[in-house]
Amino acid sequence: MSMEMNIEKSAPKPSSTKMIRNKLKPYIPSLSIIVLLLILGQILSPGFASLGNIGTIVSISTVLAIAAIAQTLIIISGNEGIDLSIGAVMSMGALLGAVLSKGMNTEIWYTVLILIGIGIIIGLINGIAIQFINIPPLVMTLGMTSVVNGFALAYTKGLPSGGAPEILVKLGIGHLGPIRWMLILGIVLIIALELVLRKTRYGKTLYLVGSNRMAAIISGISVNKTVLLTYVIASVAGTLGGLVLLGYVGSAQLEMGKDYALLSIAAVVIGGTSLTGGQGTYLGSALGSVVLVLLTSVLVAVGMPPGVRVLLQGLILLLILLIYSREPKLRQ
Amino acid sequence: MPLFECKHISKTYGSVVAIQEASFSLEKGEIRAVLGGNGSGKSTLAKIIGGAVKPDAGELYFKGKPFEVNSPSQAKKLKVIITSQELSLLTNLTVEENLVLPSIPRKGRLFIDKNAMKAKASAILEKIGLSSELGVLVEDLPANKQFMVEFAKSLLQEPEILVIDEITSALFRQEVEIFKNIVRELSAKGCGILFISHRMSEIFSICDSVTVMRNGSVIDTFPISEVNEDMLVGMLTAYKENIGGQTKENRAIEQSDRVLLSVKDMTLKRFGTRVSLDAKQGEVIGIAGLQGQGQSDFVRTLYGLNGHVHIRLDDKELQIDSVHKSVQEGLAFLSGDREREGTFSVRSIAENLEAVNSSALSRKALNQKRLLDSYGVKYDNASQQIRNLSGGNQQKVVIARWTGTNPKVLIADDPTKGIDVQARGDVHEIFGDLAASGSVVIMVSSDDEELVHLTKPLKNSRIMVMYDGKFVKTLMGEDITVHNIISASLPREGVVGK
Amino acid sequence: MKRKITVFLSLLVILTLLLSACSSNKSTTGSQSNGQSGNFALEYKSKKKDGFIIGFSNGYFGNTWRSQYVDGVKRVTAELKKEGIVKEVNVQNTNGVPAQIAAVESFINSGVDAIVINPVSSSSLAPVVAKAISKGILVVVSESGADYPNTVVVGGDNAGFWRIQTKWLAEQLKGKGDIVEINGIAGNVSDELRTRESKDILKKYPDIKVLGSAPGGWDPTKGQQAMSNFLSTHSKIDGVLVQDQMAGGVIQAFEAAKRPLPVMTGDFTYGFLRMWKDKYPDLNTMTIPYNTGIGANSIRVAVKLLQGNKLKPESLSPNPLKKELKNTIISTVPYVITKEAQPDAPWMEGEDSKIKAIGLDEAVKMGEGKGESIAVESIWTEEEVDQMFNKPAN
Amino acid sequence: MNTFKRKLLNWSSFPSLVLIIALSVINSFLIPHFFSMSYISSFLTSYTPLIIVAMAQTFVLLGRGIDLSVGGIISLVNVIVVTLFGQGWSFPSAIAVGILAGIIIGVLNGIVIGFLRVTPLLATLATTSVAAGAALWIMPFPGGSVPIEYVMWYQSNVIGFLPTPLLFIIISILIWFIWKATPAGLQLYSMGRDIQKTYVSGVPVVWIQFYTYVSSGFISAIAAIALTGNTGAGDPLVGNTYTLFAVAAAVIGSVSLMGGSGDIFGAIFGAVFLGLAFSLIYAIQIPSTYQDLTSGVIVLLGIIGASLMKKRKRTFSFKPSHIKPIGGNQP
């Protein structure tokens, strides 16, 4: 091939500002909604946009963001991947966490180990059924939800003993200087997950597997291993997330993480991850979590009849989706 | 007044220009070939005419009136129909349901008229020689028949403009004849036809005129009588000497008698047959045969896609139990079905390049720019999504993904499907280089001419012909001709025991 | 296209009309349960003296309160089985109206003598309850309010539970201050009965300002989130009126915001009581167990009724949802737990004398050896139940 | 005969039929009078709303969508009918308005998903909040009633031995057959398989999507009317549990979440399977703390069983059955 053609064909490098703008682009919608909601909250209820409250909201978002770890990875893995069981797994993590640790700091490592083990088992069952029996993820994880809830109920007889170990409570509500531990945890998670997704072989492979399973197989990528690993990581994130939830709430209750299943999907999508897989960032999901928590907070701060609140929540969510989470047009 | 006219049509996808100021016109009853390289904008033009893509600028006129459509269904109402290699068939429906889908016959305005549907379908199926397929699900049809059904579907809509986008590439010879007759019949009725194809013989045998496109622009239009193959090819490309190896010298390949790859009695599940193959270092092996005689099964089984296989590679006995293992051992597989088996469409060019190297093999990153440039890939920057590239450029990236890992054996399953002449030549050259460096190349193709072009100029090469899951003939040296391939492909007594 | 829409919509309209017409077809007059004027359950005629089969349908299951409630049923069943009075109590936990209807249908089909039901909806189980009664099955409604005819209700004392706590809070604030409310599930009967009561009480304290109220769904997670929101938007919160299980979440929210703990209502689990005693001895709180023993109590009453005993008129109160229906035995809250026992405090005025005011230490002592999520409980003894009934004639 | 047998075996709903038969056999041993008329009629009374709402879900699933708002619609329709009746409207007109409300939510879904192209999962998640919130707003607290005659009628037999709930099921099946008989039926299946190809074939796909959601809203409203016959009163939370069970029922009935395969009978069988599973749990006295686990495991086994039976049919080829090679060498 001639030199001449090479010159013609390699286009000039885009400028660095353009690169930065492109990198930020996926986050602009959620960031702008966050700002909008903060302003709205401040107008409706002065003090809403105070630094303290923002800290609180971010901390609350961390719990949702942990559920969104599972959801983000599974949605990126493609093939209609979705995890409806994450809420149940988190509830179970909190319940078993309370029972196994007996509320004592000394038992925490043992508890963590067992929870990781259970997470691996659940993830493997989900992954195997989805990957080898071809059960759609939505259905499999829906079925898994009732099994996990049932297991937690049967194991604790509905009356969990023990409680939240002090160390978890500290994580849940304590501060390091002026900063809440939950905020630190959230930031650590964002950095860790983004590193995993961008820099590790697993992360890079996950995007490819999610983008095109068949092409990944042909390329010699161990798709089964990647998918199984993803479901396992998701469930482990769920059981350990349950511990964080336990620390945050201070006590264990049946089905306490129930709402996180659907909320985390919404968070991931608001964060710009497409449900078709192969794309998305965890930072986006974390921002999506903040959007959702903020939305609830604004509505709570305003005070209105419960029905209206639910209705408004639906309409606003619909609006957010309409603004920027639309599928491509059929006509290009 | 021309039947159809495009004036200064432009369309860009992101930063890639697909069509630039393209203008041409089509007369009543004219059969016009559209010829162009990868990314020359033919398919985009077809889609714009069919209403599936919205042009950024320019005007379209049909019968002298502005042609402004917002959807394929509006275009169809005006009898502007496109039929394309990206089949519009729905595999879960029957043949007749697919045929009538664009305009379902009704009774009483509301309900489907099943009898009319069957009648309509059987008439057209008879015409294309597929009457026996009435009631069959499309997913149960072989590819060539699917293409014929796709063609029939467009005929049923009584086109006044018919755009045919490369649907002949998977057809059998006799089907191509039926196809040609029907096209001529349409033209006699006054239908204007745009025929997009890479098969020169077809273009010269049915078309009245030819429009050449390059880099999104219309270069020129000629009456077919005023051009020949070489001229057209010359217009398409800046380096005509490379095409199909016709004018190329035999390449000197390191002579070696060392058997690099050896397969003994490998079972092809679908046929229940056992096949063997020994491939020497530096050898290029073409696999030929009629559609679906086990060529694909052979290469896919060999690659480990159909379960465990036992091979001997580079003096090592290997149990291949997964594709991952194949890749680790130095096998590579290039599929012609880019969309499904090649590209990771939403990921970047860079990630697509590294898919095998770093994701499957955990090796150090490739020199991406050098690879891309050496194959002449046209791209903006390596972090853009690969789907923004044209089909041929995408396929080059996929090839670079494999060659970058220096595979011992490259298996290619119809790798140049839907790729233009120029890129096809490039691919053949890459294969030759790879063999010259000591690898084995095994290539399946549905196009016998292509196989001849690939293997004939090379010393270390042969073509193996398959029938009913077995190798029935090996052609070498001077025996490599299209004629010999075809005669070996056809069922004969003594070859087929049935 | 327009034509298609017209056709489509008109088709919908036709079908709608068809359906409406079908529905209005009053084809059956039917034999509406039993024609008698009195209450079937109160007039229940005994068929046998023992070996009863009882179906226990619990319409919601998903928190520790319910677990203990159902556990109480099992404990009392074990006792009654040992005595031979009861042959079997089939406990079915379901979630949601449709599932509970199906469970009750299944009891009817399996031929139980009585059904004890904790209805998930105060209204929507009426037909299936009526159907059971028409088959001669005794129906006792347990805990949750419902005004189904021909039943006896062994109700939880939602009104008293929340009335006393609201009064207590108002008294602690000396009738003046800013408070927030965190309630249960909107649309739930118990929550409605409670909030009605607090509204009434707070009317009497005009200087107490309710800054806001939010549903917490009896879920500590949501309760904490709601509290965090209130904390961030209100710089001064003097008191929190929070229902039981969410109290822990409220404390966490205050701790997280580094704000001093307010005057607040508390939770009735031993976990909370121990935390109060050990970790927050200065916390100004109190709690009233919303009795998990109601399930067990309901079984006891059902058995007595099955045996043909008649309730004394004075044992019955008006149904909380329908005053003219006098079919309810209120299972009053057993204890009022404050830091120190205060039987003569203003919030105890006019309350049932059976309610015991006890101190925190005593309450904690009661829970020795019991798990964190176990609630303070009281189950009626057989004697207590006997006293509600007339002495048998023979 | 042989073709009939083959057709039956290849019928997408066949696996769920097998599951039902298997569970019926088990139930007949464990539940007294399982095959009696009274049992069947009470079974239908209880599970008809689920059966119908599973059908509603099927319309949407076939077009490769999903409707999470069906539960919200049921609650909304229920409270509207009861509230209007309580305000002195005639019962049929209250029903008509209720059904209209169901259609309106369906129209909202259809517009947002079909025309504005929001992902169905999230769009309907949002509209379910809208519907459920509206229900709670209209009726903050359970109550009200419908004519006792209606309840009696619903729970009786309409003609001789035919239980009334069947009438509701038949009406819903009728809607299905009307759909199937129109071009939209064919277009629905084709859209479910590949929306882009169907669009290119000139089918007005957004309208088909729109119709599926409107139909889903409409049929869910029918389910709500049936449910109201079973509850006789209004409750703003009554429909909550239906949404996910409807999806589960359809999937057990081999209605593909990937669209384009399955039919309404599969959904009916799936719903009946769930009903039988729950009946089984009610009948055998499992300790209450193990009930959720048991029902969860049975539902999961149902899902796995249906999937395995479906998978056995397509042994050949490592490729997912719904995408066939284009122009590859494989037949």
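A few points about this structure:
The first chain written gets the first letter, and so on, giving A, B, C and D; residue counts start at 1 in each chain.
Just so we're on the same page, a residue touches a chain if its C-beta (ideal position, glycine included) is under 8 Å from a C-beta of that chain, and two chains touch if they have at least 3 such contacts.
What you are looking at is a predicted structure, and each value in this text was computed from that prediction instead of being measured.
Of the two chain pairs examined here, A-B and A-D, the one linked by more C-beta pairs in contact is A-D. With centres defined by CA atoms alone, the chain at the far end from subunit B is C.
A straight line joining the Cα centres of subunit A and subunit B is 42 Å long.
Between the CA-based centres of subunit A and subunit D the separation comes to 30 Å, rounded to the whole angstrom. The centroid of the Cα atoms in subunit A and the matching centroid in subunit C are 35 Å apart. With each centre defined as the average position of its C-alpha atoms, the distance from subunit B to subunit D rounds to 43 Å. For subunit C, the set of residues touching two or more other chains reads 61, 67, 70, 186-187. Shown for subunit A are the residues that touch two or more other chains, namely 153, 157-158, 214, 306-307, 330-331.
Of all residues in subunit B, those touching 2 or more other chains are 52, 71, 110, 305, 340, listed in ascending order.
Remark: subunit B residues 50, 52, 71-73, 75-76, 85-93, 97-98, 101-104, 106, 110-112, 139, 141-143, 146-147, 153, 157, 169-170, 269-270, 291-292, 295-297, 305-306, 336-337, 340, 413-414, 417-418, 444, 446 touch subunit D in the complex.
On the side of subunit D, the complex with subunit B involves touching residues 181-183, 185-187, 189-190, 192-194, 197-204, 260-261, 316, 318, 321-331.
On the side of subunit B, the complex with subunit A involves touching residues 13, 15, 47, 51-54, 70-71, 238-239, 305, 322-324, 326-328, 333, 335, 340-347, 351, 354-356, 358-362, 369, 372-381, 401. By the touch criterion given at the top, residues 1, 4, 8, 11-12, 15-30, 32, 58, 61, 67, 70, 74, 88, 90-93, 95-99, 101-103, 105-111, 121-128, 131, 185-189, 192 of subunit C touch subunit D in their complex.
Against subunit B, in their complex, subunit A makes its touches with residues 1-2, 5-6, 9-11, 13-14, 201, 204-205, 207-208, 211-212, 214-222, 274, 276, 278-279, 330-332.
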